[in-house]
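You will see subunit A twice below: alongside subunit B first, and alongside subunit C after that.
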Partner chain A sequence: MSNLNESPRLTGFLANGLPKLLFAVGFAGLGATAILWKQNPTQAAFSYLFSFLVFLSLTIGSLFFVIIQHLTRAGWSVVIRRIPETFAMNAWVMSILFLPIVYAIKTLYPWSHADIVNADHLLLGKQGYLNLKFFLIRAIAFFAIWIGMARYFYKRSTNQDTSGDKQLTLSMQGFSAAAILLFAISVTFAIVDWAMTLTPHWYSTMFGVYFFAGSAVCAFATMSLIALTLRKAGFLTDIIRIDHFHDIAKFLYGINIFWAYVSFSQYFLYWYANIPEETVWFQEHFFGSWNTVAALLALGHFFIPFVVFMSKHARRNLKVQCVVVIWFLMMHVTDLYWLIMPNFSHTGIHVTLTDVTTFFGIGGIYLALFWKRLASKSLIPNKDPRLSESLHHHT
Partner chain B sequence: MSVSVPIDDPSKRVTLVEGGHDFKSVSDTVCRPVETKAPKWWMISFGIAVSLLLLILSMLGKLVWSGVGVWGLNNPVMWGWDLVGFVFWVGIGHAGTLISAILFLFRQKWRTSINRFAEAMTVFAVICAGTYIAFHVGRVWVAYYLFPIPNSMAIWPNFRSPLMWDVFAVSTYFTISLLFWFVGLIPDLATIRDRATTKTRKIWYGIFAMGWRGANRHWMNYERAYLILAALSTPLVLSVHSIVSFDFAVSQLPGWHTTIFPPYFVAGAIFSGFAMVVTLMVLARELFGMKDFMTMHHLETMNKIILATGTMVGYAYGMEFFMAWFSGNQYESYAFLNRAFGPYSWAYWTMISCNVIFPQLFWFKKIRRSIPIMFIISIIVNIGMWFERFVITVTSLHRDFLPSSWFYYSPTYVEICQFIGSFGLFLTFFLLFLKYLPIIAISEVKGVMPAANPHYHGEEH
Partner chain C sequence: MTNKPFGLLAEYKTPGELLHAAERLRDAGYKQFETYSPFPIHGMDNAMGINDSILGWIVVTCGATGLLSAIALQTWVSTSAYRIVTSGKLLFSFQAFVPVCFELMVLLSGFGAVFGMFFLNGLPQLYHPLFKKPTFRTVTSHGFFVTVESTDPRFSIDDTARFLHETGSTAVEVVEE
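For the complex of A and B:
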């Protein structure tokens, strides 16, 4: 048993300068969004929703990682677990950043207008689910679940840093089974509420799984990128080793195939049956230059990484891994952009200033809080009972 | 002798082989059924299995003689127990490859004592499924038309049909599973050959051991082949049942056409496959005295996977129901209400209770580790999964879009006996496997024992 005696801490620019810089970027971005919101509220609201979902997916995906590591009693991942634990803790800031969406409900969601609903027998039928009050109650429930679960794991994991109490690991394992259930239900309905009901007539049973798969890709890619950044800055260089990066890359590769499988199945089954009320969504998302974006996703999100990352040598080469994970993140952002924006920009892709300001606004604050929190505790769960297994991990 | 205790210390991992075995005693125990006379229970079971095999053969004979009219299918219920039986067996055939391939890639070492067993089960289950594909065409002597063989009449199968993709998917899956199973068997067949005391045994096992000498080079090739086959099998585990789900989901039929079908079918297949492994493992470990390898830890882990996949299936049921309502599509909503409260509601509620409710008992550690209860639940799960396919197939068909073509479907004795007989086909193969092949991967199990660790000094840590 080799516990690290002193806990590795984040210091220097990443701990102090970077969060300040990111806060500045974030507030500037949100400030600019506020100004631009007045000019074109619809555009700003959709841009905001898109950016919100990008960082929500990172939070969700990270929470999933933490839960599944405990559920499977994983040993290899202990040294990188603090990164997703910290990301998941940002669930609270996402709940505050959700408020502008509440403010813009009428702009975003057609079902929130009584006159539209009353003129539409399908929407009248959905009123029991799609109404303002229940929508808000659900949103509160989702955030309560995510914040609660993130705190549960983070608190116990960081308490273990000082106490080394093995009981904490057992209690996290015990809770992880219930957590994965709560996770599946909350994520499914959250994304149904916030993205699928933008086109309230359309439906797909796969939708929750599709968003979840993309979130997991995003979380694994981000985890790798953060670990690479730490490594570049000279932190944890002997602790998070090539073997860990290799395993992250394998999971990333596998989950990306899962994303492709789910997205393809969802598209393919509707394409094949060709029923108008189901294909309407794809009509909208394949219209004009959106078609090019969709093709780019098939090629760039799935096919290119599928080929490039297939080789073990590519996965174990950190330079290649760095390029690939950045590519993955770009593709994930494109995926969500393609998911949300055709609801606003019907004729084709049209990147606007608010897309950029909301992205940097939310992203700046989100990442600033992440780095600040990461600096506040040990960079690894340094008294985790399976730390030794993780430190000696070989693939 | 160390006793199996649940681990409470997270810094330690469970021992996968109990009972203080060394390498020799592992070989001795696993090879014993091959090297000794068949026990009485085996002879009796084999007799029963062969008579059931004769049952399916006579039913298939009747089918070929008279035509598919001997089944109870009608218009609109044009698929019945045939499709249900096919999907049931293909589903069971999923556990083996999952255990061998996916758990191998996930470095789940506990798989080593059950993978051989599960792979054999996979191969035989897919054979059972194959009988349905071959014989549902009626004129079985022209079943080669299932394959795109160039012919003078220029008749081709419909490449746009998922039934066609099934032919490719299932035959690929069967080929790879068989290869995987066989490649894994080679070192163990060589072990039996080297231990052989009779000439016949030496020759026959020698032929199939393919000249294995355990040389370093042999092991290197073996490991590489194993890894490649694992990588090839992994997408196949997903693809086979995804394509089976396409048989339903590409159609426009309410209750069949829904986007969650592919992953939902895969989860269901793993669910039923694991349940079947548990059923057979509980018996085999008892009858062959292999409790030290197939430990309570193995069974508990399997039960956890059953709980997980069963809950995924429950999630899919829930999403289907929610979206049927949410879609506002009256046909879709009707299809689901009709499932739950229509003439086949008895089948629907059997499915729900067997697949979603009973596996939830596995939340309790005591139940996960209780042999009789897990045995019963594993059988319940497979009953439930059979009913799932029945509910999907029949309830969606029996209410066509025009009420004038609404019919109730009941199977004839031929369908029932054919399905019962398919267990005979499965068990005949399986019992032969239990008797004539090493049911545990000897070399792989040795690899996860403490003695395989280069730092091992002969005492327990």
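For the complex of A and C:
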């Protein structure tokens, strides 16, 4: 508890060796993707979109965590806040990694072909929104919003590390109310643009919330995993304590139930109404072995963690927590895979090499930048006015 | 004073002293004692040697009962007692059952939590011997109290009173039933 005036820094392998290794993995993955892209552009483009959305969801979910902590003036989370703040700062690299999707628009999105649109009454009607120019303008706007908000919180938080200015906390709290609105609108429209319009006839008002809930699960699980890694490496061992892990676990557990609620509601309403233009999406996503994947998600994303993680003793056991958060991450990746890939692989699940290369390519670069940035500043907001509250947090 | 008293009431000045007294009582082997304070004190459960509440198990049992009875009820009604085909769906449509399963699970869990808590706390309790003690009224503003009940096997008015004085109590008095 004597660390109030020191700023703990990341050193050693996690700060130097690991980012280099991850960069190597990332560039190798992206290089391999570039080669494989020529062989089968459609497959590579869908794989890329899937991997992109996995790491976008991590960025989005982390940004959400930062905003909600300021919005609720949370004290407990101060010692772990630097992790999601740093993840959210990766929004800029996501904007660059979006360029291959822009390149592959014609491959991915049927509405980008004039002949398809002209032969389709529904798509003609949607043309005012679904056209190339407006699509790109919106994409620029989304990234501007996310990068802007991530920088707003990160810059103020890290400036406070040296200045200790309490006014910075007040300004972050003030902005957080507007930020959560901007966040909700931008995330909803972004995922509608990038994932829902793969099947441009189909629509769901739950889609944005569904992606957001999954993103939050992903970000909270990753946050716990990073904190566990730091702990294992001997950083912040008496600062991020069991009580903080317990609270992350509770938040994660709750938001996962929310994910289950939202995803079931989306399915349930379409199942009840049974209108062809609405059920077509589920027909695709329940076809063949995709049905097994959907069942696995209901069981593995919701039911198993719901039972395993229900007890306080399980949540406060860091070994159990480690296994559960890795399980959550695997399930989240499966969830996004199930969301995107049936649009390409219509007959059933078919994991290809580009799924792997794009995942490690984007993931390598993304995580390398994360660790580099985490090492560049104090590991905790060490002059935050609520730091003391967080250090003495008990659940 | 022929009746056995309810127990002893001891007052402390600070929450720290109260916590310390609870630890001393726990270590001395007392089981039937209670602490009172105007606000919750962190670590008091541990200091008093109180184990985890079994309330969670009551809630889980009630929730499971709600879930299973909702499944059983709906399966029985829709597949045998009152067979109606609704918009071409199967008689056994688990999708349609989910909302009721959820609601009944939550309802019975809620009942389990509230009434289980009442039961474990011995509520409703319309009378308590401490209500007669004027000194005890400060417990809602600035008083910190311990009661050791006479039902405790280690209880004896003189020894326990001396022990309570030793733990730093400023005033120890007998509470009549």
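Miscellaneous remarks
Keep this in mind: the second predicted complex is superposed on the first by the 392 of 395 C-alpha atoms of A that agree within 3 Å, B and C clash if a C-alpha of one lies under 4 Å from a C-alpha of the other, contacts with A are read in each partner's own complex, and residues count from 1 in each chain.
Assume a residue touches a chain if its C-beta (ideal position, glycine included) is under 8 Å from a C-beta of that chain, and two chains touch if they have at least 3 such contacts.
These figures come from a predicted structure and were not determined experimentally.
When the two complexes are overlaid on subunit A, subunit B and subunit C occupy overlapping space and clash.
Applying the stated contact rule after C-alpha superposition, one finds that A:Gly214 touches neither subunit B nor subunit C. Put simply, more of the residues of subunit A are touched by B, taking subunit B and subunit C as the two choices. Of the two partner chains placed by superposition, only subunit C is touched by A:His394; subunit B is not.
Applying the stated contact rule after C-alpha superposition, one finds that A:Tyr272 touches each of subunit B and subunit C.
In the superposition on chain A, contact of A:Gly61 is made with neither subunit B nor subunit C. Counting contacts by the rule stated earlier, residues 268, 272 of subunit A appear in both its interface with subunit B and its interface with subunit C.
Those residues of subunit A lying in contact with subunit C across their complex are 264, 267-268, 271-272, 274, 310-312, 394. Across the complex, subunit A is touched by residues 42-43, 52, 56, 60, 87-88, 95-96, 98-99 of subunit C. Of all the residues in subunit B, the ones that touch subunit A in their complex are 8-11, 13, 105, 235, 238, 242, 246, 249-252, 257-263, 311, 315-316, 319-320, 323, 326-329, 363. Subunit A meets subunit B in the complex at residues 1, 73, 75, 121-123, 125-126, 129, 166, 169-170, 173, 177, 181, 184-185, 188, 201, 203-209, 250, 257, 261-262, 265-266, 268-270, 272-273, 275, 277, 385-386, 388-389.
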